[in-house]
Amino acid sequence: MTLYADTQQVAGDFYTNNFAKTAREGSLILNLGPQHPSTHGVLRVIVEMDGEYILRAEPVLGYLHRMHEKMAEVKTAAQFIPNMGRVDYGHALGWNWAFVGAVEKMAGIEVPERAEYVRVITSELNRIASHLLWWGAYLLDLGAFTPIMYAFDDREKILDILQMPTGSRLTYSYFRIGGVAQDLSEDCIKSIRDFIPWMRSRLPMYKDLVSDNIILRKRIEGIGVIEPAQCRAYGATGPVCRGSGIGYDVRRATPYSVFPKLDFEVPTSDLKDARGRYDVRMIEIEQSMRIIEQCLEQMPEGDVLVKGAPKPSWKVPKGEAYFAVEGARGKIGVYVVSDGGKNIYRTKLRAPGFCNLSLFAEVSQGTILADAVAILGSLDLIIPEIDR
Amino acid sequence: MPAELIRILIGLVAVALSVGLIGLVMVWVERKVAGHVQRRPGPYEVGPYGLLQPLADALKLVGKQLFMPDNADPILFWLAPVLSFLPVLLLFLPLPLGDELFALDINLGLLLILAFSGLAVLSLLLGGWASNNKYGLLGAARAVAQSVAYEIPLLLSVLAVCFVAGSLNLATVVKEQGTWPWNWNIMTQPLAFLIYIVSALGETNRAPFDLPEAESELTAGFHTEYSGMGFGLFFLAEYANMVVVCSVATVLFLGGWHGPVLPGPVWFVLKVSLLMLLLVFFRWTYPRVRFDQLLNINWKWLMPLAVANLMLTAFFVKLAQYTVVK
Amino acid sequence: MNAIKEALKTVSDLWSLMVGLKVTGKYFLEPQRTVRYPWKAVANLDTYKGHLELVGGMKDPFKPRCISCGMCALACPSNCLTVVKKKAPKPTPEEEKALAEAKANGEKVRDKTPKDPEKFLYDYTLCSLCGTCMENCPAGALRFSKNVYMAGYSRNDFQFDLVLKLRESDARAPKAEPAAPAAEKSEA
Amino acid sequence: MDALFQGLALDYLARCDEAKTGKAWQVFLPASTLVKAAERLLAADYHIEDILAVDCAEGFVVTYHFDHFDKPGRVAIRVLAPHEAPVVPSIAGLFGGAEWHERETRDFHGVVFEGNPNFIPLLIDPDMADCFPLRKDPKSRVKTRDLLEAGEVVYCNPTFTLMAPDAPAEGHVSGGAKTATA
């Protein structure tokens, strides 16, 4: 049996060998993933364990790397939009927006106001869907099988709503440079209006079944404490940094679109642990619903795509731009530089999950395996986004 | 003597058959309940209400290739699932289903059950160890620590009932209780019942205490490398163990076959089923506890409570004796 | 005092477990939310976006509206479209004569080449259903079908000619019930 | 910003139009100053956003984006790494998150970050770790000054010609008095 690090001479690939070099005697090197129930896809974490305790952990990425940034070099700006839906299947519209917004910023395109509202509504709905997906999957990580079904029941309603304007259910490519592809139909707006009270009525059940449950509380309270300084050093954003008491939300910090006109709270938690992140996400669901309600009230009539929106032969104006939006997992940033050609010279995608995951190695040190899984889940990872 | 032997043999055959049947039915119940809790139908294609689904699954498992990983210990690897299943058969023998319906009338019935159920952990250890898998090893280590720990409060809570009944013979314990719920031991020993149920969850590795096979941490724990009938036997043993645990709870706390109107065995099966349903509901409601918490619950709560309960019971039993004598 | 508080807290903590059971118990008794798929169809298929299809013309609904301009193929991010233009029919001698005459007179000749495409090859395996082709089509000749039940045994089943497909829909139209079997049983 | 970098050897410091480019400041540094600048940013509670490289005609422009949680205003720190020997010091010791961003930049462009504690491929398969997908063909590389927004120059080192307009030797200097060229 090649269980122990000191006898482990040959077995293992590049990463394991790189990892095992400094391993101490008698510890157990364990590969969590790339196929493992708690890694949500193809994340792989190499851990060195002493019994149930984790001495050291190192995530290994790249199993889902698709080199989106290269694809951006060979496609025109408009052609790259479908890629953005595939970066993060959880909050695809956030990525849509980040890229489209960056190009609009660089080219100085003004988006019609109705389109801005449509963008806010759809991407906030998408955020709720993403949080619900996280909630269900996280509870699955913690060993509760039923919540994910309830969460999917509600998420399904959002997917149905978003299917009306976008036509897809997961990997949306709905935003266009200068607006959105289609207006929200009357039916769609009506079902959004119906959805919000329904979702509100469901939240107490979530609380009863899960949030207040003593087993869950004991599982997530006090584990994975992330200090604000760590958030800064690792660039952690979104619910991860808000769960550590930093009230940073791109929608508030550097407002874009119609967010300055909307009234919503940025929830924070001073607990700094997995519980803090859990609470923040649960409150964010409510806040997103508030935002949607206001948008439905305020939304003006008008076009949803700017006149003279880019044609296939459109040349991207010279310049550079960095545009960040608040995704479900944190700050989604897209940096574009154009030399004036059809294709963008360099596109950089800043994935929030990537930065959040880089915290994991430090946070998981010294925890027990079950906690490591709970911490990993509390970071809300979507692997395609991290690997890009 | 031969009559006794024949009785045991018939009992064994009946048990072997019924354990298989119970396993299949329980799989169906578990999946159906899980389905309805999660607001989906559960199995419904194979047979009426999907009743034949477990049978189809079992056939599939039987038909699968017996696969063993490289470098696994072949003898121990295959011994483990068999070892997990066989003792379960014995556990059913001393259980009294009705007034006269039992395979083995033995003074030490309870002791027999407790002793053989202790064997189950050995099979988990062997399975986890022999499969040459790190997850399996961790799962096996967890299984041992958990079983050893939870056996103690289980024993202590059971012992309290035996003090009251003054016998380890399960039939006697049942006879001590009456027809109506207020005549059952659960009324005199509610704490012992609670402790018993919680420890039983720990003993049978049921959620929320299913740490040896916690899939989000250890993929499948001790049975990670098992497929086909190797896995099937572990699976069957788990459900059979559940039945035993619930039956013992029925016998000790819920008045066994006692009950108004209906015949004894019906009441017995009804009570066992209700308890099983409760365990199934636990599984589909709660998150899994963490390993250190699991042991904390045991050593910090269940153990002291069980000991205190036992002392109190002993005290009252003695007191009752004195008062009766005088 | 603290001990009592602790004890009360423990009790309320344990009560949360009962609350959880109450929730699952309640839903256990409530009707299911899933659809028994092959026997019933889901309700949201009308907004589904399936593979591309050509829109028929005003006069002849089975002749594509497409004008073979190739904008869709140019705009497509994944190169899944190939438009093959029709060749001009070989002119008859009289026509040729008339053409030469017209040319000699300096008249503008109407191009006889049919606008609609010979073939409109579409590779569904590559398509990401983004809709860029539709948006860039000047003739409004493309749309998403509502064909949910697209399945095949080989990759080639997903590479097809949309012109042919449109024509086939003509042949199938009189039969009137080409829809999926699931839709029929959807009542009950 | 110029107060923050007081006393550091900068090459170029410009204020940018945040509404148009999304960043407030743009700073070019010689590689030797990078770690010191990162130290200052860390002390001023900035957080790291990302690290990227742009393959320009003069070399790889390695850009570090920093932002502030409380006082938003993106700072782009830029270091030029020549094509022949693209070596930049690592700031992973200061900003833990930089380790992965640096490894990613290595994967894509082949920029070497000296001092990164675990400098192995991150996203690209180790077997093909030397293919550097985002390196451009030399013919299609564009000059830095044609690509990047110049911004409103606060300080420019006279020897720094990267961002100077094509007509050479203009060396527009302003505010240079504040920042000593150590």
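For clarity, chains are labelled A, B, C and D in written order, and residue numbers in each chain start from 1.
Just so we're on the same page, a contact is a pair of C-beta atoms (placed from the backbone, for glycine too) under 8 Å apart; a residue touches a chain by one contact, two chains touch by 3 or more.
Being a predicted model, the structure only gives us computed values, none of them experimental.
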item: Centroid-based (C-alpha) most distant chain relative to subunit D; value: B
item: Between the pairs A-C and A-D, the one where more C-beta pairs touch; value: A-D
item: Averaged-CA centre spacing for the pair subunit D and subunit A, given as whole angstrom; value: 27
item: CA centroid of subunit C to CA centroid of subunit D, Å; value: 46
item: Computed distance of Cα centres, subunit D from subunit B, in Å; value: 65
item: Junction residues of subunit B, two or more chains touched; value: 37-40, 284-286
item: Residues of subunit C engaged with two or more neighbouring chains; value: 17, 20, 23-24, 27, 33
item: Residues of subunit D engaged with two or more neighbouring chains; value: none
item: Interchain contacts, given as pairs of chains that touch; value: A-B, A-C, A-D, B-C
item: Residues of subunit A defined as touching subunit C within the complex; value: 75, 78-83, 85-86, 146, 150, 153, 160, 163-164, 166-168, 171, 173, 176, 181, 205, 208-210, 212-215, 217, 311-313
item: Residues of subunit C touching subunit A in the complex; value: 13-14, 16-17, 19-20, 22-24, 27, 33, 44, 47-49, 71, 74-78, 128-132, 135-136, 144
item: Contact footprint of subunit A on subunit B as seen in their complex; value: 34, 37-40, 71, 132, 134-135, 137-138, 141, 207-208, 210, 214-219, 283-293
item: Subunit B partner contacts - residues on subunit A that touch it in the complex; value: 1, 3, 28, 30, 36-38, 51-52, 139-146, 149-150, 153, 209-210, 213, 215-216, 218-219, 368-371, 373
item: Complex interface listing, subunit D residues touching subunit A; value: 18-23, 42, 45-50, 52, 54-55, 63, 65, 69-70, 72, 74, 76, 94-97, 99-100, 108, 118, 120-126, 133-134, 142, 146-149
